[in-house]
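Labels run A, B, C, D, E and F following the written order; every chain starts at residue 1.
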Amino acid sequence: MQNNVAVRNIERADAGLVKELGEHGVATVHEAQGRTGLLHPYMRPIYAGARIGGSAITVLLHPGDNWMLHVAVELAKPGDIMIVAVSAPNSDGMFGDLLATSFRARGVLGLVIDAGVRDVRDLTEMQFPVWSRAVSAKGTVKATVGSVNVPIVCAGMVVHPGDAIVADDDGVVVVPRAQVAAVADAAAVREKNEESKRARLAAGELGLDLYGMREPLAKAGLKYID
Amino acid sequence: MQNNVAVRNIERADAGLVKELGEHGVATVHEAQGRTGLLHPYMRPIYAGARIGGSAITVLLHPGDNWMLHVAVELAKPGDIMIVAVSAPNSDGMFGDLLATSFRARGVLGLVIDAGVRDVRDLTEMQFPVWSRAVSAKGTVKATVGSVNVPIVCAGMVVHPGDAIVADDDGVVVVPRAQVAAVADAAAVREKNEESKRARLAAGELGLDLYGMREPLAKAGLKYID
Amino acid sequence: MQNNVAVRNIERADAGLVKELGEHGVATVHEAQGRTGLLHPYMRPIYAGARIGGSAITVLLHPGDNWMLHVAVELAKPGDIMIVAVSAPNSDGMFGDLLATSFRARGVLGLVIDAGVRDVRDLTEMQFPVWSRAVSAKGTVKATVGSVNVPIVCAGMVVHPGDAIVADDDGVVVVPRAQVAAVADAAAVREKNEESKRARLAAGELGLDLYGMREPLAKAGLKYID
Amino acid sequence: MQNNVAVRNIERADAGLVKELGEHGVATVHEAQGRTGLLHPYMRPIYAGARIGGSAITVLLHPGDNWMLHVAVELAKPGDIMIVAVSAPNSDGMFGDLLATSFRARGVLGLVIDAGVRDVRDLTEMQFPVWSRAVSAKGTVKATVGSVNVPIVCAGMVVHPGDAIVADDDGVVVVPRAQVAAVADAAAVREKNEESKRARLAAGELGLDLYGMREPLAKAGLKYID
Amino acid sequence: MQNNVAVRNIERADAGLVKELGEHGVATVHEAQGRTGLLHPYMRPIYAGARIGGSAITVLLHPGDNWMLHVAVELAKPGDIMIVAVSAPNSDGMFGDLLATSFRARGVLGLVIDAGVRDVRDLTEMQFPVWSRAVSAKGTVKATVGSVNVPIVCAGMVVHPGDAIVADDDGVVVVPRAQVAAVADAAAVREKNEESKRARLAAGELGLDLYGMREPLAKAGLKYID
Amino acid sequence: MQNNVAVRNIERADAGLVKELGEHGVATVHEAQGRTGLLHPYMRPIYAGARIGGSAITVLLHPGDNWMLHVAVELAKPGDIMIVAVSAPNSDGMFGDLLATSFRARGVLGLVIDAGVRDVRDLTEMQFPVWSRAVSAKGTVKATVGSVNVPIVCAGMVVHPGDAIVADDDGVVVVPRAQVAAVADAAAVREKNEESKRARLAAGELGLDLYGMREPLAKAGLKYID
């Protein structure tokens, strides 16, 4: 892996498919790709209700230093999501409303950062969504070079530039670029499938019957007692 | 304690009293039963403002496996609350909108789970309240049998089936079935008592005077300095 | 440091300046005083959107005992903020709606407490803001004397009575009384400065150009790759 | 559950069997009773190498108060282990070398406490073993009554007086009194069984062959690649 | 508080008394000064068995930067203990065997650091004691100026240069310089007092009788049950 | 990335160089490769004093299931180190003395596992070193297939099969296979360089002079005060 580089041109997955993944949401996409790709659950949204899907611009920062975010925004395109790792555990407030203004002007949909964020009141008013490990006003410097668009490990997951990122109230999931089409298909099937189940469950049918679980439960040793 | 059993018939406390406890809320009920019964404060609601009181259906799950929730829902009655322990620390997303649909169809008021939950945007829209230790999209399997309606330890507290559960923005408290009537009485007295205090404090009277604290404070060694 | 004392008369900073600091918010004030004074980021507001600035009434409590809060309220003046340390780590619910009623009647703007808080639904309805390390219904006693208006360490920061406290969704920052005027000036300059930057960034200008970062980044070793 | 009581006479399991459990150690006993009974892994020994099995004297303390330990020691018999819960999360140093001297004089084998411990250098020299959640010199008071020999929840597990407790470098496990004989038998079988396996593995035989795992792995979908 | 300064001449407490405090150990000193002064229990020694008392050289570092430790060592005298705070939470390995060699050459007795330490195998061989919040090999830079011999907050406690520091297996306690003599006296009394108690407890006398607790316990509501 | 595969043949770095890295230790190797490659500091050794360097056999397990460790051992060669990730956070005791016996018989030097370990007393007696996030007796099953010798993320770091792993009391560092020779060279230079520094520091020379820091410190703004 090269250090201290900013990679200008990256391949992105089909924009329409990535957007579709965003509409399915994190839980569905995570299931659709075989229960993989989920970032650690300490990554939480700063406000409830946002749901986005986009193409990853990856950023590697050093603790207490957010310089590379300015490099990253120039390399982003509308529909991208910024996803940021730090080289050591850090909760400083790496991102605030000025950077959000710049990101939005360039069409960036949101930020996923394994560090802190600040100006959350302003970000909430702007409805610029951020998923982070902390909220902290702790200021940062611009002194050390990191990298943009190299593979990173963010909250326990490997992310390559151009992978699809989906984030909502349930957390953040990454879909490798090569699997975007397959996962989008599987997610659509899964969602369709859930609709009919939802209706039957709402009508009072039990999952025990809907999924045919009574026999397997008995075989697995469940005993009913009165 | 028996393993791998589902107990069909449990005794519940008087439904009216349990509902009353719910209206008093967690802090009042916790005080009314002598400051006992509170689950660990890491149990947090997925959205603000819900307040419920109901009869406990207890569930023991194994990590990464939510199979028994389907067994539990059949044994629940309107007005019940599902309360779930896991046999080892686990933050997986054991519960989502499909199960919530099924629970609601059966009259279950809400869920308390010492694990993770997902689909929180949908659950919020449905206003189906959940108290959990984590939000996580991490999917689960249906492979290992646990138990329903056996005594469990949930977030540090013993819960028996049919105990009263009260949950709101302050957390979750359990009231043993045999004490429901006494606690409901004590809570009502306490709440009434607080009303007049609230009015006097709002008018500017000090707690020092209202509660007669000046002398005990002096005796306990407090010195005023100018 | 004296123990078991309540200091009646403390010096406060200029009320107008302290209010101004509150309007600037935590991130701006933290930067304006050279990135110092920030409490640990585990201090979180119980509801989103509050922003206050006030003069510190400091309180030192012992674990599980909130007695001194009643002593403190008598010593507070309109525009004060109560800031509370505990002599050992503690998450008990030291403060609730009755005390909030009393605090509000005396003009106290809000509470910062390195412990737990309860009745958060009521506090939210009252819009009485609290920053705490935990939400917990766990009740407390009134048995041990602490101190009011002595220097404390709250969430990692030294606070003296009469220091300025600013709190919002980003956390809590303390400004030593002697520096209030200088920090208010620096914050005003900083905020003004940010307005023009915000407009230029919103128009699509890059931080790289706005801040003249391209040359320093190259000098620091950043390499672009296609 | 009664509060503020000290129960003088409790039933204990057969002393010989309890001692045997201690010799098997935590991992073996935990397996022998179907992977149940293990306290949370945050319970750690203050020094390496101790391994004990004994009969539980249960103690319920309140935060910052160790008064009931003096009540408990009078009710203990040689071969007992003291196991202590606190009514709210607490890391204070509840136990030190003076109490250990008293415990030892009465034949108590060791202490399991869901709180803090101090004087660990002295305790190590005395070889009086303690399992705790923290080491802390923080002193405690003797002001509030708790209970002795009532059911408690310690580090997530229900413990009744007279249950068997086993503790070593792997943690702490509780065996319900009624199951002591069955678990001791199962543990002995398990240990014997492991001896021959150990010899074969030491000789270079693979678990894959020893346990016949190759076919089940292939069936479960494992593929080998060169 | 001044920033970016190194204060050359500080007042120290009487060296003999400080050494005496060290011999009493953390728990005794903490009690002798009224249960105050204890650093958070997350501060742990890198090896068991060390016990030191010395005069504080205080150091304020910035995250990931250990430059000021080199400034501090020049200002230390034999019998001093280095105590280090960092301006934001940080676990980097700020100290290793080379600095320890330099510290020892100058007579520094040990290090207390609210960050990480590395080379712990070498430090253990040298028997150079360190109390830290983490062990981490993560390297640091020498780029940002901090301060030496200014008041700091280390692990929740205010420390002034020249205060006495006592550290052992139980943690770390700070004694304000002006109280060293009084605390040393109180500690000596306390220790003497404990000797006779230890002998009586070892002989099987109960704390209940030794401390006359039976009547207060009964008054406080304890009931014995058979 | 392929799932459910075991890769038989992997490329390893030069065994002599990997052993050399092990002798340099974690801190030196981490510095020698530009302060990268360090696993999270929560990875701790089960006993003090071990230091190993070896070639990585990577294993991906699922929570509560250690089946693939048996697959992995067949693919290991003398001088290898087993390094294990789990697909979701888990502290179960995945490894104990029987597996250690098998690993040792095959020449595996040690284990790095982002989960729990048990039988630590036996492992310590065997001097089979393990670095883990937890010690826990919690037993595991053998039911779900994972992978061996695929890229994994262990404690925040990407590890490929055949990378060099170095572990000691300071933690664990990974060196990509392609960089082993260069890092070994840099580590040797660094260590040699440190020897002469150590001697000069031991003789009382200050780092301020040895490293020529006085001028840069003054330039950076440090002021001395008497």
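Rule of thumb we're sticking to: a contact is a pair of C-beta atoms (placed from the backbone, for glycine too) under 8 Å apart; a residue touches a chain by one contact, two chains touch by 3 or more.
All figures in this text were calculated on a predicted structure; none of them were measured in a lab.
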Copies chain E and chain C - interface residue numbers shared by over half, same or different: same
From the options B-F, D-E or A-E, the pair that copies B-C, where over half of the contact pairs coincide: D-E
Geometric centre distance via CA averages, chain D-chain B, whole Å: 29
Euclidean distance of C-alpha centroids - chain A vs chain D, Å: 42
Length of the line joining the C-alpha centres of chain A and chain B, rounded to whole Å: 31
Chain F, residues touching no fewer than two other chains: 35, 89, 91, 138, 143
Every chain pair in contact, whichever chains are involved: A-B, A-C, A-E, A-F, B-C, B-D, B-F, C-D, C-E, D-E, D-F, E-F
Touch list for chain D against partner chain E, complex: 2, 4-9, 47, 67, 70-71, 73-74, 91, 93, 96-99, 101-102, 104-106, 116, 118-121, 124, 134-139, 142-145
In the complex, chain B residues that touch chain D: 1, 3, 34-36, 40, 87, 89, 151, 153, 156-158, 176
Chain D-touching residues of chain C, taken from the complex the two chains share: 62-64, 88-92, 138, 143
Touching residues on chain D, where the partner in the complex is chain F: 25-27, 30-31, 35, 38, 41, 44, 48-49, 51, 168-171, 173, 194, 197-198, 201-204, 206-208, 211, 213, 217, 220-226
